[in-house]
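Look at the two complexes coming up: chain A is in both, with chain B in one and chain C in the other.
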Partner chain A sequence: MFANDYNDSVNLLLFLADTNLIMSQRLAEWCGKGPTLELDIALTNIALDYLGQGRLFYQQAASEISGVTSEDSLAYFRDADQYLNLQLSELPNGHWGQTVLKVYLLAEWQQIVYSRLLALSDEQFLKKAASKAIKETKYHLQWSSQWMLRLSNGTDESFSKMQQAINHIWPYVHELKQVPSYAENVLSQLQLEEQFSKNVSATLDQTKLVLPAHFVFNAKGMYGIHTEQLSYILAEMQVIQRNHPNLTW
Partner chain B sequence: MEQWPLWEVFIRSKQGLDHKHVGSLHAADPEMAILNARDVYTRRQEGVSIWVVKSEHIHASNPDEAESLYDPSSDKAYRHPTFYKLPDEIKHM
Partner chain C sequence: MVNSEEIDIKQVWQVLATVSDPEIPVLPITDLGIVKAVFLEDGILHVQITPTYSGCPAGDVILFDVQAALMAAGFENAVVENVIFPAWTTDDITPVGKQLLENYGIAPPVNRYLSNIDLEKITVPCPRCKSNNTSLVSAFGSTACKALFKCNDCLEPFDYFKCH
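Showing the complex of A and B:
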């Protein structure tokens, strides 16, 4: 069973922060390599949105953890098995269509999660953070669903690449419908599962994409169990701070 | 990759002001052009509304005809409303 030194509130903040940070770090790999200048800027904007959201949650987590902790120490000095991000976020970008699919799925997920947080009482940090973040998420959803439809209903080649992306990514989608034990008092498993499936179907129904035959792959990034990919991301992201602790600009 | 069509981008910076031409970009369709314009031209809160127009739909005057088109008006100062005395209450004229 999952256990670390943190309470539920901190773990939920880390779950949200880590998913954003790893997604941001991944998307940043496109910087300077986007298919066009415009899309390069679009994706970099989205990566920065994730980073900004991640920082919000890290700062709050750091303030709730006793001892000397900061957003930087949480980002740079934890190992892969302490990261609670969804496995989806750490998967390689792959081709453009696969990246679009990852952004799309995360946007659907974030929209549901943040909407739920908006129902919390006014003084709660999570509500304030969500009301800021959800505006960005709505744009990510608009941007990525347009691209989903454009590629899926485009040429034979773009369709087959989207289908290939779906086949590859879909096993990791099950985790997006799970509520981790430390978030059970905030999120509803039933609501997340129903809403996510409904919203994603509404988009996929406008395409001829076929979901892979049903099987459940129980990804548990939210409990610190990751694909090998996360270690490589962290190695690159953390190397400077680990070699030169407290280095600043 | 085959080059996507060029679009001209017009941004309204505030409610009540006109849309102003800010630049151009490439996009495959109007929806993409608007989102691209949002990402390229409104990152620093420059606008509240975006228009995009395919560049091919803009017809421009010919620079070679500048003399015949514009010079004739240069010695007709009476076409400017400069011979009226403006009341003090009217500002910004």
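Showing the complex of A and C:
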């Protein structure tokens, strides 16, 4: 079903890198449009963290791929079906509540994935990168979970918008509990699924939000199958490099 | 040019102390704690720098500034490397560095590395009037490494360097 020329190690690096980069690119759309100056700055700071983490993984992936490959060629010259990001990351920002929910869910996911990578040996790149990244994730998680609670337990309108966001985003959450085949020797499916559900429930239990029942959408962004949204993001992100290859600032 | 036999590691550290983070010009990178190692290997000088945050835009500038400062001091063949492990923490900021931050108007980290990151629960003294009567405005300030606080006594807003 899934085939490219890369080995498991490179695919796992691309999975982590692509998810960060697309999340970053999406959040950057808020730049200059945040509800307040402070929130605008918070989101762009978080987007910058994602970009930095993405670069770490791209640089390592490029070093493990034979031939002329760089972090830039991986970011700018692959098409949508070569991107391995979680579909959650490419979904439109929607309103403020929906963006907060996306950041929150990704923070819970990254916290578990990076924690798991910390158990690797010191020589392994994934451990080094995770030990750097997880400190940033802790702040994302704290910030987004507080906003989740503030909106969900706020006014009738903020609650209904959060409920609307949950209804819209929830089908894509199933993918966050799946370990791709190329990561099976590093991540545990059972642990990810249990831990993610437990941590998210601990936050949602403090709200009256209702999860949509019996609805699982089998998103497969991690295998290069995407919503139409990703192509639009890539078109905007890649257009300069594709029209003027190797252009630099 | 300084010959490799004559390289004095102490002198290299002195050169590095003239380079600062462009976002915090009062703070030498040696006090920020991002110089991981300075050593000679096969006659080549190596300087290892670690980023504060993975996406910090100052990171590339600092690497460039370090190379330029070393060249200007005669260390022309120095290898300036970016290393990410062990990850930098705010515990690596020296006591002098913390004082420099405070003098500059940025409250230094009040806790040890990630010991308490709940910004709504910690007490951050105002770097100007030293009052403890302060409150959080935003968890993310002008850069990723800082949060924005305000003093309820002298009414000045100020940056807080977050535990990391």
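We take it that the second predicted complex is superposed on the first by the 249 of 249 C-alpha atoms of A that agree within 3 Å, B and C clash if a C-alpha of one lies under 4 Å from a C-alpha of the other, contacts with A are read in each partner's own complex, and residues count from 1 in each chain.
The definition used in the following text is that a residue touches a chain if its C-beta (ideal position, glycine included) is under 8 Å from a C-beta of that chain, and two chains touch if they have at least 3 such contacts.
Computed from a predicted model, the values in this text were never measured in an experiment.
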| item | value |
| --- | --- |
| Side-by-side fit of chain B and chain C on chain A, or clash | clash |
| Touched partner set for A:Gln142, first chain B, second chain C, both or neither | both |
| Of chain B and chain C, the chain that contacts the larger number of chain A residues | C |
| Touching partner for A:Arg150 - first (chain B), second (chain C), both, neither | first |
| Touching partner for A:Ala202 - first (chain B), second (chain C), both, neither | neither |
| Contacts of A:Val210 with chain B and chain C, given as first, second, both or neither | neither |
| Which superposed partner A:Val239 touches (first chain B, second chain C, both, neither) | neither |
| Partner chain(s) touched by A:Glu38 [first = chain B, second = chain C, both, neither] | both |
| Contact residues common to both interfaces of chain A (with chain B and with chain C) | 38-39, 41-42, 45, 139, 142-143, 146 |
| Chain C-facing residues of chain A, complex | 38-39, 41-42, 45-46, 48-53, 55-56, 122, 127-129, 131-133, 135-136, 138-139, 142-143, 146 |
| Interfacial residue positions of chain C with respect to chain A in the complex | 51, 53-57, 84-87, 89, 114, 117-120, 137-144, 148, 162, 164 |
| Parts of chain B lying in touch with chain A, wherever the complex brings them together | 1, 4, 25-29, 31-32, 35-36, 38-40, 43 |
| Residues of chain A touching chain B in the complex | 35-39, 41-42, 45, 139, 142-143, 146, 150 |
